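In the two complexes that follow, chain A is the common piece, with chain B as its partner first and chain C second.
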Partner chain A sequence: MYDFDWSSIPGALPFLWEGMKISLEITVSAVIFGVVWGTLLAMMRLAPVKPLAWFAAGYVNLFRSIPLVMVLLWFFLIVPQLLRSFFNLDPNTDVRLTSAMIGFALFESAYYSEIIRAGIQSVPKGQVAAASALGMTYAQAMRLVVLPQAFRNMVPLLLTQAIVLFQDTSLVYMSALADFFGAAYKVGDRDGRLVELLLFAGAVYFFICFAASQLVRRYQKKLNAHVAH
Partner chain B sequence: MISIDNVSKHYGSFQVLTDCTTQVKKGEVIVVCGPSGSGKSTLIKCVNGLEPFQSGAITVDGISVGDPKTNLSKLRSRVGMVFQHFELFPHMSITDNLSIAQEKVLGRSKDEARAKGLKLLERVGLKAHAEKFPGQLSGGQQQRVAIARALCMDPICMLFDEPTSALDPEMINEVLDVMVELAQEGMTMMCVTHEMGFARKVANRVIFMDKGLIVEDDSKDAFFNNPRSERAQQFLAKILQH
Partner chain C sequence: MSYQWNWSIFSSPVPTGETTYFGWMLSGLQTTITLSLCAWVMALALGSLMGVLRTVPNKWLSGLAAAYVEVFRNIPLLVQLFIWYFVLPELLPFGLGDAFKQQLNPLTQQFLSAMVCLGFFTSARVCEQVRAGINSLPHGQKNAGLALGFTLPQTYRHVLLPMAFRLVVPPLTSEFLNIFKNSAVCSTIGLLELAAQGRQLVDYTAQPYESFIAVTLLYVLINVVVMTLMRHLENKTRVPGYLGGK
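Right after this comes the complex of A and B.
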């Protein structure tokens, strides 16, 4: 029988917390960038200007057809060199976090844009007609009437996607970037307690994601009750 | 005020409107009726450019709607429109529904827009509901708010697209009362509706459409007392039977 020894965890907590901060940084930046760029992609895809729609459709289909781990790998291989040559950085500057953020953001925007597109399409066409009839331009109708309603309907889906994204950040371990998972792995490897550390990391991921998804569910119920009255 | 001249429209090979011609003078109330699918809603939506048309011309207050150089948003801000399904903005309070276009399109101040909104809300008898949301009002109340919202923009004319068709029977009259009052005050109105009581009371002329054609365009007395076309006779016999 395997002998569990959890003693290396308490001392490693500060290091693990540093890793958690990296995981959260990547998640938050990818969500913010993903929603902004995803909204633009969704609007392009629905725009009457054909080339814009083609570009957005191509982008979304490309990123949705490639495994995330490969996208990240390419970004680790390419982006650091690009950044270094663009900004004349010292070759020793660590740009792994930046490239991870960019990779995730670009990848996630493809998923966010599909959620947002569905959200925009869920707003009845009559709303745009009413806004136009009041003299609003297409941009005003989008900004003041369609998007606020679309986002309110989409919040649960966007948050659920953010939870999945938070779990996926563990993929950066292959660049030896110490996110939460990477940090746990390093500590376990160092102390010969990999099993304990990975069980602990799994429990933390589970706790955070499960709690977050329960909150999303609660919010969704509240939203449905609000719409029903 | 509104001049529609030989307007035709088709979706692919399906002809929706064929050579429609009519005029609406300042202060006139025109009722447009006809069986469903006759193109009456499409025609009224062409007037403020919500529906494009392929040939012919429409001018509103001397401005050509079909001209690509026309600033359609600006024109629409001067033409009020009321929809079958109200189309209030559900994420905004009634007050915000009434002020948003005044502020963002006409550039009025927040206070000015609010005061104007409340004044018109009082006029349609709903001042007590100013802080509610559209979902908390009945259909008839929502439609009265929608009329107030259009009036907030000080329109030169009003378009009504089946304003009572989505309402429960007991709510139809509260909306028609507001429309009758508006007509009696001299507002230029073009109304797609099946409410023949309303037509008899305030219409100057009745336009009857069928299969995308304007079949009759006559004074209300001539239309109700001796419709010329067989199609209009059948239509009137059916809807006035009960």
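Right after this comes the complex of A and C.
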């Protein structure tokens, strides 16, 4: 039987916490950017201007048909070169975190845009008609009438996607960036305690994601009850 | 930036000489497809079983299935993969783990871990779709089945499932697409599937752009092929009278 030895975890907690901060940083920046850029993509896709709609559709379909692993490989290859040539960075500057953030943000915005598009389309057409009858422009109708309603309905889905995104950030392990999972792996590898550290990492992810998804579920219920009345 | 494009790299032989770099790409593609299909069969079987369990009246069984889904949905795929590959062989009793580590060749070990991991991971998602499919049926169908003297398993077998499976084909399409994309994660344990072959090619030839473009296009190709096939299946299984039906 395997002898468990959990003693390397307590001492490693500060290091693991540093890793968790990186995971959260990537998640939060990708959610914020993803929602903003995703909204723009969704509006472009629904816009009457054909080239804009084509661009958005191409962008979304491309990112949705490539594995995240591949997207990250691309970004770890290209972004450092671009950043260095634009900003004249010292070749030794560590830009892996920036590359990861940009990669996740651009990738996730494709998924966010699909959620937001569905949200916008769920708002009755009559609302847009009413807005334009009141003399609002398309942009005003979107900003003041359609989007506020769409976002209210979308919040649970956007949060669920954020939980998925948080789980996906573990893939930055590929770039040897010490996010939470990368940190756990490093500690386990160093102490020869990979089994314990991997199980610990799994438990922590489970706890966070399960708690978060329960909160989202509760919020969804509240929202539904509110809409029903 | 001056980059030396060299597309003929794919026709040049690999260092060991037995094939070309194009051959590497093809073998990677083959592994990705085999892995995904094996895992998909597993996910479909397990997911259907769990999906049915989630809807049965027995609190223990439906609770068990719910817990199953939560576990596989709330741990990142990468962590699950590492647990299957690094942790499980250590914990298996009766020397099974040692047999796994010592007697199987490393390629088989990687493939099995990857398949089981993807299978379980995807089965939790399939389970939720199957559950949603069964729950979307009118309640009267189940009652009618029972009233006609069917047992509960018979009601599932002859009344609920034939209908539910036709309804869940469209959502399962996206899960099927996901399994191909998720299989790329398995490159992290050294399994030489498509993404890993792409990285290997970069290491050997220092031609990252050609390699990544080729790999990306192959993933897009898989996507297009699967989507076309599934669209066909969706058309065949569509239920008249339902949304998107004839």
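Definition applied: the second predicted complex is superposed on the first by the 229 of 229 C-alpha atoms of A that agree within 3 Å, B and C clash if a C-alpha of one lies under 4 Å from a C-alpha of the other, contacts with A are read in each partner's own complex, and residues count from 1 in each chain.
Keep in mind that, in the parts below, a residue touches a chain if its C-beta (ideal position, glycine included) is under 8 Å from a C-beta of that chain, and two chains touch if they have at least 3 such contacts.
Keep in mind that this is a model prediction, so the values were computed, not measured.
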Clash or fit, chain B versus chain C on superposed chain A: fit
Which of chain B and chain C A:Met136 touches, first, second, both or neither: first
Partner chain(s) touched by A:Gln127 [first = chain B, second = chain C, both, neither]: first
Greater residue coverage of chain A in the superposed arrangement, chain B or chain C: C
Touched partner set for A:Gly11, first chain B, second chain C, both or neither: neither
Touched partner set for A:Gly58, first chain B, second chain C, both or neither: neither
First, second, both or neither for A:Gln149, with chain B first and chain C second: first
After fitting on chain A: smallest Cα gap, chain B-chain C, Å: 24
Of chain A, residues touching chain C in the complex: 1-2, 62, 65-70, 73-74, 77, 81, 85, 163, 167-168, 170-171, 173-174, 181, 185, 194-195, 198-199, 201-202, 205-206, 209-210, 213
Contacting residues of chain C [partner chain A, same complex]: 1, 70-71, 73-80, 82-83, 86-87, 90-91, 93, 177, 180-185, 187-188, 195, 198-199, 208-209, 212, 215-216, 219-220, 223-224
Footprint of chain A on chain B - complex, ascending: 45, 48, 50, 73-74, 76-81, 83, 85, 87-91, 100-101, 104-106, 135-136, 149-150, 153
Interfacial residue positions of chain A with respect to chain B in the complex: 124, 126-127, 129-137, 140, 144-145, 148-149, 152, 227, 229
